[in-house]
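Take a look at the structure below.
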C-alpha cells in the first residue's frame, strides 16, 4: 500500500459561467405570491423568481398577502434590490393570508382582472396544496398560466422529495429534542414533545430518527397509545435514564394524550412540550435555501418555456413538473425505510 | 476636532499570572454535588470547583444524584481530566435527583456518615433553595461545612444578581419568540408562549423585553387577564401585524387560559406554544459559564477560608456570601425598571 | 427538617403599569444616529429611543449613515411602526459609516444646520468613543445637546459595565471555540483562534474563561509568546487531548504569530481560525437587547431632563451618566479576577 | 371551486414495526472505527452500527483512534448503552488519528492479528477515501471483510450523493456568511470568507448559493481572480451595499489572495475571515444524523449479507454499494446546475 495516489482523475467539468434560457413563450412580465401557512425559505424562492426573471429581461409584479391581496389588487413592481438581504430571513416579505373570498367565482374574477391590468403573462404561486388549488381554478377559469412552488413545512406534497421549509422545521424541532436530552440525561424523566403535522408524520419521523427518540406517533400509523407504556418500562429496564417520545399533532390525543397514558401506566413523571408555530419561523437552513433557489429558477424557466398548470419539484436531484391537481389527489407517504430505522435504532 | 488622540491612558494593570489562595482552614478534601432541577452551567461550576481545588492541592469527591446519592453512598474521587470537555455541556455530569429520604433525620445521618468515611472536610451544593435547605440541615445536625452555589434557571434566589442557568433559559425562550415573530410578521395572528417560572417572573419579564412582546403575565402581578383583550385590540388598531404575549407558567391559568381569554374577547386566531423543560437544556451561554466559573472558584476559597453555611453569589460584579437560610426566607423581586421598560417599549 | 416552608415572604412589589417621565427641558423632537463599526443590539437601542420618545409625545428624526449622513442631510421622520420587527436583527437599520468630512469644522457646521432645519432639540449618538468624539465637538461648537449610547462589540468604554454588542460577539466567538473543542477532543491537535479586540482583551478573556481555553493572549499583558510553548507541552504531559489558545487581534503577531511559535517550539500540528467581522453580526443575544432597551429609554429621559454631553451607561445594574470626554480619556481595564480565574481553571 | 376536498386518498402504507434482517454470512461480531479527519455525524453512524448489530444479536468491538489504534490493539467491546446520548455530539467518541504505521505491511499485519484475536468477522470503516484505502489493503492482504461509510465534510466521495458531515459544515459556514451579511448591510464593505475544501468546491458552492454570495472561487474552475474586480465594481454600480465572496481553501492563493486582488483593483476596504477547523465541529444537523443512521444500519446489513470491499452510500434516496477503490479512482463533480444557479441569482 502506497500513499493514496494523486489520482489521474478525469478533468473537471467545464463549468457554465452564464447560460441564458430561451423564452419561446415570450413572457414579458410575471407575478409572484406566497399563500397559506408561511414556511422558512419562501423568501429565498421569491428572490430566485425575481432574479432569474430579471436576468432574462422579464419584469416581476409582487402580490402581497396571497390570493387575498390579489383579489383586492395589492400589487407592485419588484426588482433584484427589493429582494436583497432576504435569503436568510424567515417568513415571507410578500406576506401571506388565507382568503375566503377566493373561494367564490367573483373573487377569482377580480384577481384575474388585476393581473390583466398589470399585463401579467403568468403567476408563480408559492405554497401548499390549498394554494395550488386556488391557482388551479384561476387557470381553469381565466386562462392565467400558473406555476406552483412547494412551500410548506409539512413535506406532504406529491411531486417533490422535499418541500421548502421542511428542513428548517425539522431542525427547529430537533433543537428542542436535544435540549430535552440534556436535562433527561441528568434527571430521570419521560418527555413527550409535540411537533407539527396535522395529516402527515414526515417531520415527526425525521425528528425521531435524528433525535434518537424512543418512540414516535404519527397519523399514518394507527397503533394504540398503550404500547408506549411497555416501551417506556422496557427502556427503564434496559437502564435508559430517560425516554423521549415524539408525537405529531395529528395523532389522536396529541402529546397530552400520550403523556397521560404513560403517567397512568407507569407512574413515572412525564413532561410535555408543545412547539406549535415556532416551527414555522427561523432563518432557513441551507437545504431549504438551495431548494428554494433551484425551484424559483425552475418556475421562471417553466413559464418561459410555455408550461403551465404544474408544480415544479425536485425528485432525485432533478427538477420535475407535476400537474397541480395531482399534488392534492395523490399521496406522499412517509419512508418505510426510515420508519423501520427508527425502530431498530431505539433499542 | 482632530483625530481621536492616541490617548495618554494610564498604564494597563499588572495582571495576575498566578495567585495561590491561602488555606487557613486546612481543607484537604471536599465533596461536590448537584441537586434539584438541573440547569445549564452546572457542569461549568463542577469543573471550576474541581480545578480550583486541584490547583491548591485539595482533593475532590464527586457525589452522584444529589442528596439521594449521598444518602446511598454513591461517591467517587474526581480530578481535572474528569471534567475536561464538559464546560460546554448542558445538564450535569454528576446527575441530579430529588430525594424524599433526605427529609428524614436517618437519611441525613447516613449521608453524613458517608462524608466522614471519605474524609471530606466540606461539601459544595449546587442547586436552588430546596437544595440549600437540605444542606443547611446537614450542617446544623452533623457539622458538615456547607457552601451553596446558586444553580437554577428561575433566578429566584436572594443573594445573587443572577443564578447559573438563567441566561441560557432566557436565550432558549427568546429563540422561540424570535421564530414566532418571523411567522407572525407574515401572517396576522396572536401568539401566546408559556415560559418557565412557577413562582417568579424573572424569565418571562426578561424574554418579554428582549423579544419585544406586547404583553407579559407573571405571578408577581395579579392583574386580570381580561386587560390583554384591550391590548390586543389596540395593537391591531395601531397596525401591528401580530401580537406576542409571554406568560410565566405560574400565572393562574397559564398560556392556555390567556389564549382562551383572547380568542373569546377578540375572535382572533390565537396559537399557543408551551416550551416546558426545553428551557432546562442546551449548551450554556457565555454568561452562565463565566458566572459558574467564578462561583465555583469562590466556593472552594470560602471553604479554605473556614467559611460555612453560606451561598456564594455575585452582586454588582463582586462575589458575596449570604447565609443559606436567607436564600429562602428573603425574596428577590423582579426589576421594577425592567417591568416599566417592557410597558414603555411595547407601544 | 421539614419541607421547605411556603415561606411567609414579604408581599410582591406593586409593579408600575405606566409611569410617564417629566419633560422639564421641553424636548419636542430628537434625532438619532448610529456611527462607527456596527454592533448587534444597535437596532434594539434605536427602537427603544423611538418608542420611549413616542410614548412621551416626542417626535424622532432618523439620520442615516451616521455623521456622514448628517453632514449630507440624509434625515427622515421615524415612528414606532418603522422599528417594528427590528429588535432581533443584527446590524443597524439606520446604517453606519465612517466620515472624514466630519473632522472638518465645515462638515460639522453643515450637520448642525440640518438639525436646525429639522427642528431637532437633541441628538442621540449610538457608537463607540470615536463617535462620541464627533458628537462632543458638535455640542461644543454648535450647542446641540448630545447623549451617547455605548454601542460597540469591544466593551472598551469607560462608564458602563458592558457595551451593546459585546455579549453577542462573545457568544459568536464562543460558538467557534466549542466547535473546535469537538474536533480537538477527537483528534489531537492545537488550535489558535483569533478574536476581535484591537486595543482591548475583553472579548478574548471572556471567551477564554467560557471556552475553557488553555491560554489567552491580550494586548494588556505583554507576556512573551514563548511561554505558550511550555503550556502546550504541559498540557500534553497532563493528558489533554488538544489545546485551544485564544488570541486578541491586538496582540502583537496575532493568531498567526502565536501558531508559528507553537509549531516551531513543539512540532505539533497547529491550526488557525480568524473570525474577523463575523463577530459584528448576528441576532443580538438577550443581554444585549435588554441593555440596549434600558439605555435607549435612559437616553431619551436624559434629554427630557435637560442633561447633555454625557454617555448613558449601566454600572452595577443602575443607569449612570459619564461626561463624553471621559469615555476616551479614561480606561476600562479587563477584570483581574477573571484573568486569574482563567489561569486557575486551565489547569 | 370548493374547499379542497377531503381527498379520497389511497390508504396509508402498512408501516413496518419490526423487520429482522437475515444473516446468511453468519456474522457474530464486527468491529468499527473512525479514521482521518473527524466529521459531525460520525457518532450517529457509530451508534447506528452498534444498535443495528445488537438488534440482530451481533456483538460490536470498538477500535479507538482509527487504524493507529487498530495497529496498537486499542479495542474494547461496546454496547447500545455506550452510544446512548451521543447522536447529537460532534467529533467521534471512538477518536480518530492519521497513522503512518498503517502504510507499512507490518502495521496492517498487526492490525489484522488484533482483529483475529478478538474474533471479529468484519470491519466497518467510517472516514474518507484515505481511510477506505487503508481498509482496502487490509481486506486484500488479510481477507478482513471491509465496509466503508462515507464520513467527511468535503462531500468529495464518488458513490454517494452526500457524505456524513457535509450538511453540518455547510450550515456552520453559512452561519458565518449570514453574520457578515448583517454587518455588510449596515456598513459598505467587501467580505472574503474562506471555507474548507482542499480539492473540491462542494462546500463553497452550496454556501455561495445559500448565502447569496456575489462570487465563488473553487478549485474546479481555474478562472482568474482578476474577474472578481469587475464583479465587485458592478455590484457597487447596481447599488449593492456590500459584497460577499466565498473562496474554497483549495483555490490558488486562498481568501487572502482574492482579498488582495480586490483591494488592489477597487481600493475598497476588504475583510477576510478564515473559518478553518470550526467547520469540522458542532452538533450534527438533522440531515447528517439521518444519513449516518441509514448508512450505519446499511453497513451492518451488508456484512450480514456477505458483502465486502464496498462503501455504502445513498444515491437518490436509496442505499447503494460502490467498490472501495472506485471511491478514489472516480470523481464526483460539483453540480453544473448549482454553479449556473449561483451565477444567475447573484445578479
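Should a chain be cited, it is by its letter among A, B, C and D, assigned in written order, with residues numbered from 1 in that chain.
Please note the rule applied: contacts are C-beta pairs under 8 Å (C-beta built on N, C-alpha and C of every residue); 3 or more make two chains touch, one makes a residue touch a chain.
Source: prediction; values computed, not measured.
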Practice prompt. Could you grab the centroid distance between chain B and chain C? Build each centroid from C-alpha atoms only and quote it in angstrom.
Written response: 24
Worksheet item: Cα centroid separation between chain B and chain D, in whole Å?
Response: 38
Worksheet entry | Multi-partner residues of chain D (each touching 2 or more other chains) | 178, 181, 185, 241
Item to complete: Report the topology of the inter-chain touch graph, choosing from line, ring, star, complete and other.
Response: ring
Worksheet item: Every touching chain pair, please?
Response: A-B, A-D, B-C, C-D
Worksheet item: For chain A, which residues are in contact with chain D within the complex?
Response: 1-5, 7, 9-10, 12-13, 15-19, 47-48, 51-52, 54-55, 80-81, 84-85, 87-88, 102-103, 105, 108, 129-130, 133-134, 137, 161, 167, 170-171, 174, 178, 181, 185, 206-207, 209-212, 219-221, 223, 238-241, 283, 285-287, 289-290, 293-294, 297, 316-317, 328-331, 333-334, 336-341, 343-347
Worksheet item: How about chain C: which of its residues touch chain D in the complex?
Response: 34, 37-38, 40, 42, 89-92, 95-97, 172, 176, 178-183, 185-189, 191, 241, 271-282
